[in-house]
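Consider the two complexes below, in which chain A is the common component and chain B and chain C are the respective partners.
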Partner chain A sequence: MQKNYFLAKLSGLLILSTILVLLGTLLGSTGANWNALGPDQTILFDIRLPRSLGAYLAGALLGLAGGIAQSLFRNPLADPYLLGSASGALLGVGSILCFAYLGNSWLEIIGLNGGAFLGALIGVLASLLLAGGYRSSLRLLLSGVVISVILGAANSLFTFIRPDLFQSIQSFMLGNTTLMNWSGVAIMAIALFLCLAITSIISPVLDALSLGENTARTLGLPLDQLRLVFIGILALATGCAVAQTGLVAFVGLAAPHLVRKLSGGRQRVQLIFSCLGGGILLLGSDLIARTLFAPLEIPVGIVTAVLGGLYLLVLLKRTSFGGRS
Partner chain B sequence: MKTHQLSIYRGPCAILTDLNLNIPQGQWTSIIGPNGAGKSSLLQAMAGLLRHTGSLSLEGVELSTMTRKALAKKMAWLDQQGASSPEEFGDSLSVYDTVMLGRLPYQGWLHLPSEADHISVEKVLQQTDAWHLRYRPLQQLSGGERQRVLLARLLAVDSDILLMDEPLANLDPPHQADFLKWQGNLLAQGKTLVTVLHEIHFALRADHLIMLNKGRLHFQGSSQDPRTHQALIELFDGRIRLEKLGNDWVAIPS
Partner chain C sequence: MKEFKDMHSSIRSRYLAIGVALFFLGFSVAVFAAPFSVVDDQGVVVVFDKPPQRVVSLLPSLTESVCALGKCDALVGIDRFSNWPKSIQNLPKLGGVGDVNIERIVQLKPDVVLLEKASPVIARLNSLGIQTFALDIKSMGDEDRALQKLDLVLGTTESARVWNQIQKEIMRANKQLSLQGKNIRVYFEINPAPYAAGGSSFIGEILSQLNLINIIPKSLGPFPKINPEFVVQAKPDVILLTESTTTDIQKRPGWNTIPAVSNNRICVFTSEQNDVLVRPGPRMGEAALIISQCIQEKMSSPR
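Then we have the complex of A and B:
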């Protein structure tokens, strides 16, 4: 009976996802175009479809990373950017932009997307190094905060030295899906498949952790090694999404909460639904960003922040979060 | 289970020093001592959760040579009630899924729970009177119900040795009585119980007492032995006295 409910909920989320992708492909700045085989095929299949799929996949990656962060650190306010990945990605983009005038071939090969990805990974690695490993969640979280501040300061230095870069960096910080292409979609699809497959296999660890670390260890689980695998997945998923769309706010934080009531507590289901919820939230926000003041577009990060923030406020009103009243 | 010259260090500080203990099989052993005596550390070492020096063996096999899964099947662990409470942000597992976690040592990564796992979970939920709660989220249960479910999770491991860290903490007297009744059932099944207890009168119901003080063994022996009672009074600097109430001994502050 429970399995059927799971399938029903999964089908519902997948149908909603498909509708949003179709809408994203057909809706343009001048309204809907229902004739997909008409003269605007290039716009539909080379611009709007990869943009819709890309926004969806980036949201799914952030939703998955947010779900992992919240379960791994047992903190409902944890988000994928906690471990220094956001400030690292920002610094990566800042570095590429700042030194692009040198004409170095390596910088051209890496590009902005590669810079963001490498920066995100370096940010997470620096947090791990500063924390002296991955065994203490609290040390790791605090190290993430410290690394974020340090890398953020370095990035501010770039904009101080090169004020002309401010707008580009600001655009990256607000999130952007307009330049999505098929290669970006393919990279994110592969990353999502890998991350989701591994996460689904090892997710019982997160279930066991809900009973306390000692209990989880006495169930024969290689907790330390699997925690490192989760951190690796978190870094990969965040890095891939940020590299393609910039720092989209709130998706990783809000998506797991959006679907929490549907999952019934099982982490495997929760993480799959977080993925779908993240995709729906980011693609839905992208549609609003494109159409609300069409033909003018607003940055998608502003819409996700407003939508995600409003939802969390509603959730806060309805839930005690363990507080005593 | 036996220990020889067992010591545990946290950094340069010794938490436990040179413990030579014998935990009798099929009996209830209770570890007691003042705050900071090293009771929980000893229990954690027995569960393979803390690194130690010296020997800690189970049926003649050194614990450190056993694989994680083998150890998990031999010994089950029940955390303190507070430590086992799920964080309250709405993602609590159902009672059934919580108890199924006890079957993890028997499951492969790519396998769903087997028929035997489901039968085992149903059996322990019936045994602890919690079968009717199986679809409820753990966090929505009362303290007593939750403790029953966590006990079921412990039993689902189907191990011979059960290690419990302050299982009676945060339980009201009727639920403490229930818990003691289940402990009696487990002993009747031939299980070996090792508990850390703050409540001396409950500890005195155990078959065997291990008294720790400042990381060292103060005394070990049968809970009915007058020498054990004398050692217990000395452990608390003569600030308690023991009196018999019916069939049970009770400790009264003096």
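Then we have the complex of A and C:
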């Protein structure tokens, strides 16, 4: 019985996703036009389709990472940017931009996307080192906050020295889905597949964790090792998404909450749904961002914050958030 | 008879000239002697006892304007980004946008501080008893007005000459281009986000004075963030870049179908040229020449 409901909900979300992707190829800088033949083909297949798919995949990665973070730290306020990955990615982009004038071929090979990815991983690694391991959630969270502040300050120093880079860095901070290409989509698809596969295999650990760390330990699970795997997935998913789209606000925090009522408490279902929910949220926001004032664009992060925030407010109003995550 | 008449008229015109000269002399003496007031772009009436002898400029375009009016030697301090003309490079640097060095400014005892209308330090400087003169320069017309106001403040009469010089250079730039076919569509990218130079920015104004067609319509505002697919659909013939993101542009999805990219007609400007292009100051004419020269080169080179 419950299985059937799950399939129905899953297919509902998938259908909604497909509709949004199709809408994404329909809506562009000049309003709706959809003739797949003729000169518009490049725009359709090289610009709109990868952009829509890319936005969806990035949202899905962030949603998954957010779901993992909230379950792992047993904190409904956790988001994927928590462990220093956001400020690390920002610093990566800032330093690549700052030293671009050197003309070093290495910098060109890494590029902005690579810089963001490496920065995110370095941020998480630094948090792990500072916390002296991954055993204590609280230490890990605190060191993540500290790393965020320090790396953020370093980035502010970059913009202070080179104010001409301010706009470029800001567009990364607000999230940017405009220049997505097929290779980016492929990378994110692979990353999403890997992360989802591993997560759904070891997700029972999260179920056990929701009973409390001590209880989970008494169940005989190799808690520490699996926790490290989750942190790795968290860093990989966040790094891949951030590298392609920048620091899109709020998707990772909101997506798990948006689907919580649908999932009915099981972690595996919850994670898959928050993955889909994140994709739907980011792609929907991207559609609004590009059509509202076309051909102008609003930074997509603003739309995600407004949309996700409003929906969360409605949820808060309707249900008392008393129940644990 | 005719000769006599000519002589007569020449005497008359000489008298007239002397009269005018006397009038201007008297006028300028009056100006030098009595306090005078100029309204700045904030609408504040700024009163000067005499033309300021010690001037601080906190904006590169204002520094350039002061120097173009011939008052470079009155400058005693500049902001961190002012770097033209060369003669000012040894002046004390008084910080940038968010970190103006108030202490050093007070130490320099300037008669007036020239700055941007939105500058956060105006109230602080005024409360320390230092006069400020705020200007708001966004378009070519603004620069004309700013030059006239600076003329009044500094007691010079050079603004018409400087403005004519700008117009002449733009005309020369226009001639440089007019040999080629008309209807060249251009896209001017300020920043790879991508932000573009719209029709109502001063860069857009220069483009339209050069009879180039800016693919970004005026209705989108001065520096809009646009959907890159709009550029692909607009098919510009030439792309102008202020940041060196050429390789990045060729990698952008779908952009290789743009004529400018497939024919490699992309103008990338050096940082010195950039300074000329992005500052709405007395070197706008030079900016027009830089643009026209590059476009001329790119359009005439074989594919």
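Odds and ends about this structure:
Everything below uses one rule, namely that the second predicted complex is superposed on the first by the 318 of 325 C-alpha atoms of A that agree within 3 Å, B and C clash if a C-alpha of one lies under 4 Å from a C-alpha of the other, contacts with A are read in each partner's own complex, and residues count from 1 in each chain.
Heads up, the rule we're going with is that a contact is a pair of C-beta atoms (placed from the backbone, for glycine too) under 8 Å apart; a residue touches a chain by one contact, two chains touch by 3 or more.
Because the structure is a prediction, the values reported are computed rather than measured.
With the C-alpha superposition on chain A as described, chain C and chain B fit side by side in the combined arrangement. In the superposition on chain A, A:Leu313 makes contact with neither chain B nor chain C.
In the superposed model, A:Leu14 makes contact with neither chain B nor chain C.
When both complexes are overlaid on chain A, the residue A:Thr42 reaches chain C alone and has no touch with chain B.
When the shared chain is aligned, no partner comes close enough to touch A:Leu129: not chain B, not chain C. Of the two partner chains, chain B is the only one that A:Ser263 touches; chain C does not reach it.
When the shared chain is aligned, chain B comes close enough to touch A:Pro222, but chain C does not.
By the document's definition of touching, of the two partners only chain B reaches A:Gly212; chain C does not. Of the two partner chains, chain C is the only one touched by A:Pro50; chain B is not.
Aligning both complexes on chain A leaves chain B and chain C separated at their closest CA atoms by 38 Å. Shared interface residues of chain A (contacting chain B in one complex, chain C in the other): none.
Contacts from chain A toward chain C in the complex involve residues 28-30, 42-43, 46-48, 50-51, 100, 108, 160, 163, 167-168, 171, 176, 178-182, 290, 294-299.
Partner chain B is touched in their complex by these residues of chain A: 71, 74, 76, 201-202, 204, 207-208, 210-212, 214-215, 217-222, 260-261, 263-267, 270, 319-322.
If you check the complex, the residues on chain B that touch chain A are 44, 47-49, 67-69, 71-73, 75-79, 83-84, 86-94, 97-98, 101-102, 104-105, 107, 109-110, 137-138, 150, 153, 157, 163, 165.
Chain C meets chain A in the complex at residues 96-99, 190-195, 220, 224-230, 232-233, 243-244, 247, 251-254, 257.
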